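Heads up, the thing below is written out as structure tokens.
Every chain is named by a letter (A, B, C and D) in the order it is written, and numbering of its residues begins at 1.
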């Protein structure tokens, strides 16, 4: 596909599919002498893993990360780091009926058009399983960012039409939906339950905040920090929109309202979302991401088969109802990858104080 | 900056700034034997040029494109095409007061942090003038797309809070704001006039539609068509958000509502916006773009100087009130560049019928 | 290291080291629907494997290629292909004495300077083991070239000072040194035996010929076919020189001697080596490669330890005496990778007959 | 052609041809705040310029470098630097007879095959004129290397079969052939004179030495320093071979002869040519380059026309007799570009002392 790499200095290349041996990632450009062990991945892989919440699919994936290359005596060497996550439960039977039919909202149709085939056993390369490799890459990126004090935190801002009203950041980690508002979370869970019962799925909006990011990251004019963040996030399967700072709301503001005044103590507001002219300004980076409802639903749908003939599709079985909150660690991972890459790039493009 | 190139096969590299000799672009990877002359650029450069509308700045830029390289006897040769647009009116006096002050909402602050200087004479590299080079590149990209029947059309969907209600595509070309709704356009013009009088600026939302795009463009998993479009568009200075198809609205839909059913005659709806799994599906590609209000305003603003001391900033002079509609040809150009690049890439990655 | 990828469209990224789990390669950009199975790799991996010849090290490596990703139902899918070759015999004891000493002629010293460590257990990333991944990638590249009729053949032209006098191409496959001259081969084998007995090693010269390469491959001005071939070949550890066509001999010819006259039946000589202006001319591509003697020898050598203190180094054990002929399949593999990449690139940059 | 860029962080993209407005280069990734003015280029451009030596073509090129972008108030800004050198004397009449005939040894044939045309007016993109842009880029690269104490020096080692015997480095600058041996230089000049009189041309060998290069530059495994140097040098039109350190001579040495012993004071010999495992070792970097005789000669040659019909070609006019010594500044420039790029890359990949 020739599009499976991301980054310039800290470059990740994911591989693998849901039907095969597993998924993985090669990370080229990670600095040497960073401590790294399989244990470092457990928490983030678990956060991404389905099966923890009532709304999630019951398939059990045990996402243990093997380090195939790039680490010697517990530290990175500067050589490419290869991480691999084996597939389990590769029971493709539930998908056998899909051999002939394109699932609406899925990439079956476009993969068939482009590659002359598609993977009826569960999406293959375009399965959400690929994101496990991204999360693993994000853990390594995080190792570069942590000493700088950069923190990336995502949460559920909206789900099934329910919007967060009060944001309590410290509550996020305790909430099953990574929602910062206990009341909203309850309503969201009810919405998930209802949708699941009716064989339907829900979408939502995630917010990501980056604190501690130094000013100066981003390479104009095309590799602006916001441009690379937008690409990284839009490259995740279910994402249909991304906005920075005030985002679409900025379109309704006047310049006098949208400009962030500057004081000797810093910016007095943050409608820019921490990025000016494609370069981080030292303030918090804020993004919001539109996540579409998962296309696999239990309801009858109209579609066509490989020969273009009209058909009806109805899955049995259970499915994830919403990509949120599982997508949160994926979003965080991609943001970390972008920031680690731009941090390393900035070492060569940014003026150093001497 | 090491980030001034975009594209893999059809690769554009812009250069130049508002203070210097001019702006330009090198296009590497354009196929040979395509007819190209300086006349081909006039229409698009004129659409981008300020000075046509009452709301635009009165500075007159005559954006004539010189072909410095890559064309022989009226046709491309396969060698890099270099296009150059000289600066005129390089009167930097109005900006002299900016030598010490960071303009709120501009990149002065971040450029200073990153590069140790900023260009007080009008933005330098981060001036909107850079987009003239993008528009020129888009004209060449269009030469690759035209024989395929691909058409890219942008329009003003919302401006200063006024939203289009009825879309008459054939009217867009006649409207001074590239607005498809005469009534909405009148209200938008009134809003522009009011904002201009009060020394303020406005934002808006643009929509871009691509018709005739073949199925199969896009290289998963990172160089998905929507991911590259998002990056291309977010790399334009005033853009704060981008969405594909139903976009943020998809976050509020159920799967049964958001999935586009497929029939033997094609997709029965287009909430996907013409892209599934990062690959074009043959349907119309639809995007919307949030454009922030122009940060240069005539009102008094709080800021700091290079030494971090509190200061007030108030410009005299006239400014653009809104980046719309001038940004429309820039958006179209970037979309064309993405599509031309992905079309050429698809020649090697997509299965060919034999 | 951020330098572990090669290619633009057919892009290979190797990973792995001698001390770890194994070595492997991710190939991104391979077209879909190509038949590929683990059996396809056996012959080339065996050719590269040591242990077949008396001059080779007795360490037994069983280089079985696992396909971790990118193949579905026996065919490539267009997704990244990941090939993995597990390490066996990872007995690091013989190298334990190297924990403190830099081996002359090896990369221990430079890796220590660059990365702050080096791998005393046998080279790690800079072990010749990495070339197993290249050979595997070459097999996939070969699948793209075979239908075009492109054939890549390398042979030993010189070894230990013995130069081939008569080239019998059909004999190469039968010769233990891939030498096209039975008499020269006998002398080379004697030289290898002598050197081995005295604990020393030998260098040599390989020649590579490509037949059936279509005209038009190569992307001026930097990605010329000969430039990319030179890089690909010089990136192999023991290579110290590369020449195309007449090579260094051309430096002693006059223009009237070196120019290849053209006739209606093609070029009347081939001092260009099949490449003019960086683009293949349809004639046979010819290269020669200088291979240095393997630096691991059984003789006493002067060196320093990690603290810079003078030391003497003397290995026990047996070593390869010469990188030839084992390097031949590696050279062929890299040439195939370059040609496959340029062939796919040429689909977008070369004028197609219609 | 999609191959006109070189470098990862310090990235140069040349453009232009002999028939058009001029040649130039965009340099993206040059750090900010470096002093740069048009005067900085004069010396190197003059060294590359023909017309100074009796053996050179009398065409007068005045290669003045214009800075079109990237410099503000005398210093680089971090934005892309665009350098442009206008063509003069664009008298294409001497080449008119070439409209139909392919010149032996030139790229006319391969460009016609690839692009469907070739430039009969003097080579167009594949004219040696393109190297003027490389020399200009080398001047900027030199600005990065100078503060580090890196010095790049090339000289004529062999010309027309005459080989240097005694190397007096301080004499090189005074010699018209950049030859370090006055006696050899006289013989070379005589050979040039003889060849010129007989309408023929000569080849030669250049040597390049880099002193002061810090250890640690080079990114294994593909972007090894020697691999990138080989590519950079082989991408110059008339180069047919490149070797590092002992080069092809290493193929005839034993390991015990070729390994450079290490002492507390450094390496005791330099057969490695300053690079081990693709990484600079702090010693002098040494390369030799085979330069073919210029293919344009005054003698009658056999060729074909565009329709493949047999033809004879005989130029009137005068031509350069040898690419040496003019190619020396081009070689030096490319070496500087490689080193500057790898130096900047090493800022992110190499372990920093703290």
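In this text, a contact is a pair of C-beta atoms (placed from the backbone, for glycine too) under 8 Å apart; a residue touches a chain by one contact, two chains touch by 3 or more.
Computed from a predicted model, the values in this text were never measured in an experiment.
Contacts with chain B and chain D are shared by A, C.
Where chain A touches chain B, over half of the residue numbers in use are shared by the two copies, so each contributes mostly the same positions.
On a Cα centroid basis, the chain most remote from chain A in this structure is D.
Distance between chain B and chain C, defined via averaged C-alpha coordinates, is recorded as 46 Å. Between the CA-based centres of chain C and chain D the separation comes to 26 Å, rounded to the whole angstrom. The geometric centre of chain A is 39 Å away from that of chain C, both derived from CA atoms.
Shared interface positions of chain A, defined as residues touching 2 or more other chains, are 1-5, 8-9, 14, 29, 32-33, 78-79, 114-116, 125, 220, 345, 348-349, 351. On chain C, the positions that touch chain B within their shared complex are 8-9, 29, 31-33, 78-79, 220, 344-345, 347-349, 351.
Residues of chain A that touch chain C in their complex: 1-5, 9-11, 13-17, 19-24, 26, 28-29, 32-33, 66-72, 75, 77-82, 84, 114-117, 119, 124-125.
Chain A contributes residues 1-6, 8, 14, 102, 104-107, 109-111, 113-116, 125-126, 130, 158, 160-161, 195, 200-205, 215-216, 218-224, 226-235, 237, 240-248, 250-264, 268, 272-273, 275-282, 290-297, 299, 301-304, 308-310, 345-346, 348-351 to its touches with chain B in the complex.
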